[in-house]
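Chains: A, B, C and D, in written order; residue numbering restarts at 1 for each.
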Amino acid sequence: MKKEEHPENQWRRRLHEIIFEADTTEGKTFDVALIILILASIFVVMLESVRPLDLRFHKTFSVLEWIFTVLFSIEYILRILSVKRPIHYIWSFYGVIDLLSVLPTYLSLFLPGSQFLLVTRSLRLLRIFRVFKLTRFVSEANILKSSLAASRRKITVFLFAVFLITIIMGTVMYLVEGGQNGFTSIPRSIYWCIVTLTTVGYGDISPTTVLGQFIASFIMILGYGIIAVPTGLITVEMTRQSKLHTNTQSCPNCGYEGHRDNAEFCYHCGHSLHS
Amino acid sequence: MKKEEHPENQWRRRLHEIIFEADTTEGKTFDVALIILILASIFVVMLESVRPLDLRFHKTFSVLEWIFTVLFSIEYILRILSVKRPIHYIWSFYGVIDLLSVLPTYLSLFLPGSQFLLVTRSLRLLRIFRVFKLTRFVSEANILKSSLAASRRKITVFLFAVFLITIIMGTVMYLVEGGQNGFTSIPRSIYWCIVTLTTVGYGDISPTTVLGQFIASFIMILGYGIIAVPTGLITVEMTRQSKLHTNTQSCPNCGYEGHRDNAEFCYHCGHSLHS
Amino acid sequence: MKKEEHPENQWRRRLHEIIFEADTTEGKTFDVALIILILASIFVVMLESVRPLDLRFHKTFSVLEWIFTVLFSIEYILRILSVKRPIHYIWSFYGVIDLLSVLPTYLSLFLPGSQFLLVTRSLRLLRIFRVFKLTRFVSEANILKSSLAASRRKITVFLFAVFLITIIMGTVMYLVEGGQNGFTSIPRSIYWCIVTLTTVGYGDISPTTVLGQFIASFIMILGYGIIAVPTGLITVEMTRQSKLHTNTQSCPNCGYEGHRDNAEFCYHCGHSLHS
Amino acid sequence: MKKEEHPENQWRRRLHEIIFEADTTEGKTFDVALIILILASIFVVMLESVRPLDLRFHKTFSVLEWIFTVLFSIEYILRILSVKRPIHYIWSFYGVIDLLSVLPTYLSLFLPGSQFLLVTRSLRLLRIFRVFKLTRFVSEANILKSSLAASRRKITVFLFAVFLITIIMGTVMYLVEGGQNGFTSIPRSIYWCIVTLTTVGYGDISPTTVLGQFIASFIMILGYGIIAVPTGLITVEMTRQSKLHTNTQSCPNCGYEGHRDNAEFCYHCGHSLHS
């Protein structure tokens, strides 16, 4: 009979439900525990980078780091065991992230003191997205994502224009300030130009000649004005997206969604929506 | 007879009208006097914190502080007397604030020099909200509040994304700048990253390596771009809210809606809207 | 006969046409000349404030200043002569501005070296608005003005909220940083809080304690987020204004304007708009 | 016969197709090669401006610069040859840019060390626009351009208001700070005012008097608020533009408009839109 499964399969399906899904109580508990573990491990990575704390609690941090690594390793093995095609999982985006989040600690045994392993450890943070995939924030995130995706091209054009402006104005400022007052090279002048145009304004480099300050004023007002462009793009797109998403009726004939608010016939198959 | 009240009740109702409401002349006068008192007492707290002024006018400030405290204490007692269920008021949000705004001065007799009492005193400012609750700005504040409440979830998703970006980019900058130039630990790098992404840009920490400045440029342009996201969210929500709040009258003849606010005749059939 | 005017009146009307209006060629020439004079005089005021230039060209600046003053004085007298009720003009907003823009130079004869007269001279700039009142930018300026006026109350509520946030967070930062690192008094902390919340970020004062930087991060993200509020308010209002202003039809019966785009009957008198 | 062309014409048309158009494989290859060459030459200009790199690789940079110049010169000659009316091309915008991007290197033989030639070389960047003219980003760029063009007048009014505010507040700050703390002249104070109003905030000049900080706070909040104005203007205009650019099809049966982009049937009467 079909319904009787191989016990191993049954066990695997159960494991899959707990680890990969969040519909059961065990699944939810697992997810919450995982989020706490991830955040705690990131928190330890941060504290470890603070010199005075590291000098004092180096031992504790090491022990905690190994506890996290062992737990994440067990989770990684369980994930491999719970899926039917492990190869598929191992090479997936999250599979690679899962591996990268335990590997550095093991590697540090052979390559002591390697700072670069630190950043790999902080990749654990990305694993949080998997857990959030299962929550009720998904639809909100999707509207944001689809708005950004839909205005992708316009934003590219805008960023390209910003890119050209900063190169040209950066070169001009390099000439005007005469390689002094921090404008020691064109790349540095471009860096200053980005700092100014985005209204960040560190002040580590700032013009001191009259002409330089005049051009800087122009760049600032330009930056102040063109910030309106991405805002306008996203707002228009979000307005459209929010209109598309409000109406939830689907055609009783072909199942298509996304009808206009006052639509009476399906735009795809022409079937009446009210029958 | 029902209409004849116990004299004490009558007196309490009268007091309640003056203190808690703003419909009568006395009630309004009381509210205005209270706002002036609160602002004056906050002003004294501020001046007291300026060392030179405190050295010179310490006596005056102390006297003023005690006058305010005594007046607020009397008000607190009157509020308790004027309500039927004092316990209910005492444990309400404003009841606690009212108590916290007089307590520090009395406590300072026993715990001299405690700086922390200062901040409690500035909680008096929150009492202003009670008075404003009664003004005509309520509907405006409500539109703002409901817009923010409705886009609450999208803003949470956005802030979570910002949070992840700052942690990841902060860690990267810590590695790139090699623990120097102010990037002495990951939390400090994250602090710098927030300063940059929000386009504040103090300049107390700023990258000096070429790669660091390159990544910083990327973060700035990112921050410049994603400021559009909350703006878009709030704008879309406010558009919807403002549509909900416009007039809801429909023509008694043809049923059309969407009339101008001061319309007297239907724009579609010409029928009077007020018949 | 009515049409024959007193010669003096005729001459006054002619003068009024040139000075106060811009319909004739002479009127336009006068306006352009006035704008150039105003800008030139402001430019001289600016250059005069630059120490090295003033030391070298003090004589030239003085002569130019007197030429401008004499010309503006003649204009002022002509304006008085050209109107029927001079008193009405003299006490009007622009009348006072006109007087204030010549007075300082005469006063400087008696009160030499008074710096304060400088700022009064720069009030001449306000006179430019009178000239612009007559140009084709009026309708654009009106849409901006009416949008701002319509969202006046919401902006007041918003600014009041910002005001409260800065006072509370300023006090908290004063306590957290312990009166050091530039946070030497509550007013100064509030100043820092405004600098941070508005994403200006001078960096003259910046937190150095861990808790201070944590709270500062919070204020920055708050400021980054609530900038969306005024933007949303203005955008919604401008959308409404631009809709009201696009349609130019007026009722053939009562003359009311501002009809809906697809209106067929006047919203005020019920008359058909298409007859 | 008409179809048989003079061999020289045929060869010219072929050249024109490759150089000026992007429909053929050769045309596309040429465009991609040109973009790479332009970016590489700009990159060399940038590196050359970095003192340490220039000292070490001066020879290499010179050689590369001459290679780029020769290649661009050949391209320029080919462009002249491939068009029927060379004079027309030579004096066109892109013709001048093309010449200006090779001239500086030749001139540097006679005018060694002239820094100003550098900026002319970076004009090569503008040539990228010609290539992009042929891509699919054109329609996106057009929407941005027409939105900006349509709100041109309103933005002018806004910028004029900003200009007046900075002049007046700059003069006031000059007086308040008494020509000290960096506010050494009115133009410098205006520069500071622009830095503050646009929320850039370098911190190279910042007020230190109490009154100065108070006025600065006011300017900051003003700048924070009026950033909403250009944003609102652009958003409203983009909303209108995006509506203009959506599909214009109307139902052949009932005439209703506003169909979804991929609609096949009318949402109102159910009639096919493609019959």
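Here, contacts are C-beta pairs under 8 Å (C-beta built on N, C-alpha and C of every residue); 3 or more make two chains touch, one makes a residue touch a chain.
These figures come from a predicted structure and were not determined experimentally.
Undergrad: Would you mind naming the chains that touch subunit C and likewise touch subunit D?
TA: A, B
Undergrad: Report the chain whose CA-based centre is farthest from the CA-based centre of subunit A.
TA: Farthest by centroid: C.
Undergrad: Given that subunit B and subunit C are copies of one sequence and touch, is their interface built from the same residue numbers on both sides (over half shared) or different ones?
TA: Shared-number fraction below one half, so different.
Undergrad: Please tell me whether A-D or A-B has the greater number of C-beta pairs in contact.
TA: A-D
Undergrad: For subunit B superposed on subunit D via Cα atoms, how large is the rotation, as a multiple of 5°?
TA: About 180 degrees, rounded to the nearest 5.
Undergrad: Let me have the rounded angstrom distance from the C-alpha centre of subunit B over to the C-alpha centre of subunit D, please.
TA: Each chain reduced to its C-alpha mean, subunit B and subunit D end up 42 Å apart.
Undergrad: Return the distance between the CA-based centres of subunit A and subunit D, expressed in whole Å.
TA: Taking the average C-alpha coordinate of subunit A and of subunit D, the gap between them is 29 Å.
Undergrad: What whole-number Å value describes the gap between the mean CA coordinates of subunit A and subunit B?
TA: Comparing mean C-alpha positions, subunit B is 31 Å from subunit A.
Undergrad: What parts of subunit C, by residue number, touch at least two of the other chains?
TA: 187, 190, 199-203, 223, 227, 231, 233, 235, 239
Undergrad: Given the complex with subunit B, which residues does subunit A contribute to the contact?
TA: Residue positions touching the partner: 42, 45-46, 49-51, 115-116, 118-119, 122, 125-126, 128, 132, 137, 140-141, 143-144, 147, 155, 159, 162, 187-188, 190-191, 194-195, 197-204, 223, 227, 230-231, 233-235, 237-239, 242.
Undergrad: If you look only at subunit C, which of its residues touch subunit A in the complex?
TA: 199-203, 231, 235
Undergrad: Using the touch definition up top, name the residues of subunit B that touch subunit A in the complex.
TA: Spelled out, the residues of subunit B in touch with subunit A are 153-154, 156-158, 160, 164, 167-168, 171-172, 174-175, 178, 184-187, 190, 196, 199-203, 206, 210, 213-214, 216-217, 220-221, 223-225, 227-229, 231-233, 235-236, 239-240.
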